[in-house]
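Naming follows writing order (A, B, C and D), and every chain is counted from residue 1.
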């Protein structure tokens, strides 16, 4: 289990690679140095890849730009599967009309706009429109006043029997090398407990994220779960979710899980990756000649 | 919300119907009187149907026999999706060799037999074979000695870093009109809490159950989630899971949720079905002429 | 159980009455009309009484003023036991020096000032003083910026191995007839879950609140638990805590628990009061002549 | 924090010592070698001591015999405070008549016998007497058939609105050096979750255990919490409970917490003892003239 594998040799065994984003492809300081080699190798070898991310703060187009603007041209919008996309699918299928109140930035809300639905920041919900609010969506921890708008969310959910959708299941996320920030998933858990209702969650480790990527993949080609490997830095989301969906999994030590803690955490959580690698970077010498 | 809809008029709006089993098709006393009319109507109208059940105690063949032996010939094994089938898929994909220890009856274990794997009751795990045990599966609350074997399961999970799979997420199930029994899902939750590891759960409301049925369906025909309706008697499993997967849902009042409690439970849980019906029985006069 | 008892006849059976404050003595609109009769009767009959409240936002002196300024002179500071008093006792006993960081108003912090300790709003914790912070106290949901200071609290608890004390265990509290507000206890629960450490909680239903009142009482006179009755409007705090401490309990229907819900809630929670009364108001005709 | 203190020098600073039992005074193999020196030193120095234990399986008389029969004569019944004693006090104060059903051995039940109450094993509850059952008590994990009687307990609590008392809050306990056993507290937690009612728990870390000992002590002499130190091997019960009650605390490394894990566990749980010692054994040379 503590064996460190070569990421390149792992790629060679599979047809498709799913990548988590933060802690795998990028970090506080920007892109992981050398990560472009990985995608060059994937393309050279004719392998498919998807980015599977618990990020509902921006659209795939905006997410892709954050890579291409830094020179990683391989991350195109059609390669990105985000929990925000599942939220949009849910709203399309299940909420037919009225207002969708949200917590998040205007960018995050624009993305879930759907025919027949009107998005409204929770701050603008009031007595005149509350009866038309047919869903509450938790998108991002930014873009609203916590003190005022978390309380408004509690009272909206007490007054209206409507679905609450949590588009990012993380409880916290790393902000700098030393500090974390409470994520929208953590705020939503608090509100769910206070109002006592069952919220709907999208995002790893939930299978629906993997299924969404798998479905897109099968539209292009015949594929078995045995041909796909999931790469992530977090046991509780990337590895647990990948394992449960039936995929082989790679824990990389470039993010949330540090080399010195990996074995302890695997033993104490019981979440076991198929492989452990220092990072998802393919060494240049490995394939260039 | 408290409107009671006609089940026949609901069927007319969809191409495919997913049914929960207990509390919907059958009950303590056997089959729901008249439920055969529903399947006659479905077949007459050329609609598809699946039984989606949190039951890992028997194989689809055995489950189907429990209907056909009572005269409901429409429930064939290929129409049944059980959480046991997901467990088997997981073992096929993720556990390559060694012993799978289990809690449950021999019937439940026979069903998860997989090439390369040897199933063993937890009672037979001992010092000579424990190092070859590569998974623990919770299948059924019967077939083992609770006092001895729940403790053996705790100690197995403390000693081995292996996946524990819970093939039925229910905490309890109705035994008679007045009594319930603790389900294997309730026993597994206790053990998970004591050992502090993350167990893998299959069964509604988890999306993977619905995805499995949806995939089978798509092998036969093109279908959209908008064309499928899920019918169940339990808000927290059938309705929550169906909603989250993007399906329209019908709460029937013939099982866990009684007519007098339905509105209160919907409001307090926030789990809202698309429709409410007395039962899934189609009245004969409704289509026979 | 659904029998409605006369509050005056209950007083007659006990030597001492413990009262919850909000929902029992006062409400959104101010004092409960007629509640002064109750205290006149208690004094006439030579009965003792204490107010036992999960309120750490103000000192007993300030809390008492909120009653006496409205004409209820019977509520003197020495009759008030608050969860803030237990927090102060904890700091006196267990934190010997350094800084106590807090979330709450300056009023709430002034109250926990203790010899040798310096209180500091969490907003003023920074790299130059963090190493001297020896406790974090959650006092009130007002007096700080939620977005900034909840995140600062998370990071403080990740960096320092120090006790976190929650001086009010309520998850939410009523703000108006229709709206609630998230309480500091709800915010603290979210942070506890994110940092994964065990916080120390004071406030009903915890026994330490009742013990504190009981000890004060015993300093004045010999008394048995059988001679004390606890009066409250909330099953999960007042009644559960009183029962567990061994006291008889009265549920009043003037606050959180409404008459129409009382029986259902008692049955579903299993928290059973000894008596149920419309309110803690003693009818005037009952003793004046 | 990782400093190892001399247990004798700690005793010298306090007037009273509270000891946990298992892991502190005794272990799988019997009494801790040399522990008799500790009590000889306490008596020589005129210090008071109490054993504060989450053990409801036997009476204080029987518990004391388990020490005196092995030669440790200092542990007399009046020195033992068990969670069973709090259960008995609760029944005396709050349950006036009828039947108390229990899970445990006859020994554990005999101990809670109270005037006016009739104890009955849960296995003997049936339709003819269920209406007279006024409490259910979880005493011990032995003495009953888990498969039959845990289900009977669930159905009793669904049918009767009565208090359920958990006399031992531990989830599991060590059976041998390598194996643990599920404790009655773990079984009770499962049943509480299934029936959805609030059970009443006695035992560390709950303050009521410490209060009971503190009250007995104060009957003998004037004492302040500052003069008492609590000694235990488990952070979540002994140390958390002692800290919360306002006592100084000693973590000993002779039981649940091993030397190699102590620092990690303190940091990750945030439960900080005042001192850490190898064990509660006082070295002989340390006090002989």
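We adopt the following convention: a contact is a pair of C-beta atoms (placed from the backbone, for glycine too) under 8 Å apart; a residue touches a chain by one contact, two chains touch by 3 or more.
Worth saying up front: this structure is predicted, and the values here are computed from it rather than measured.
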| item | value |
| --- | --- |
| Chain whose Cα centroid lies at the greatest distance from that of chain D | A |
| Chain B-chain C separation of Cα centroids, rounded to whole Å | 45 |
| Chain A and chain B: spacing of chain centres that average the CA atoms, whole Å | 28 |
| Distance from chain C to chain A - Cα centre to Cα centre, in angstrom | 41 |
| Pairwise touch network: line, ring, star, complete, or other | ring |
| Footprint of chain C on chain A - complex, ascending | 145-147, 150-151, 154-155, 158-159, 171-172, 178-182, 186-187, 189-191, 193-194 |
| In the complex, chain B residues that touch chain A | 1, 89-90, 93-94, 157, 161-164, 195-200, 206-208, 211, 225-226, 236, 240, 243-247, 266-272 |
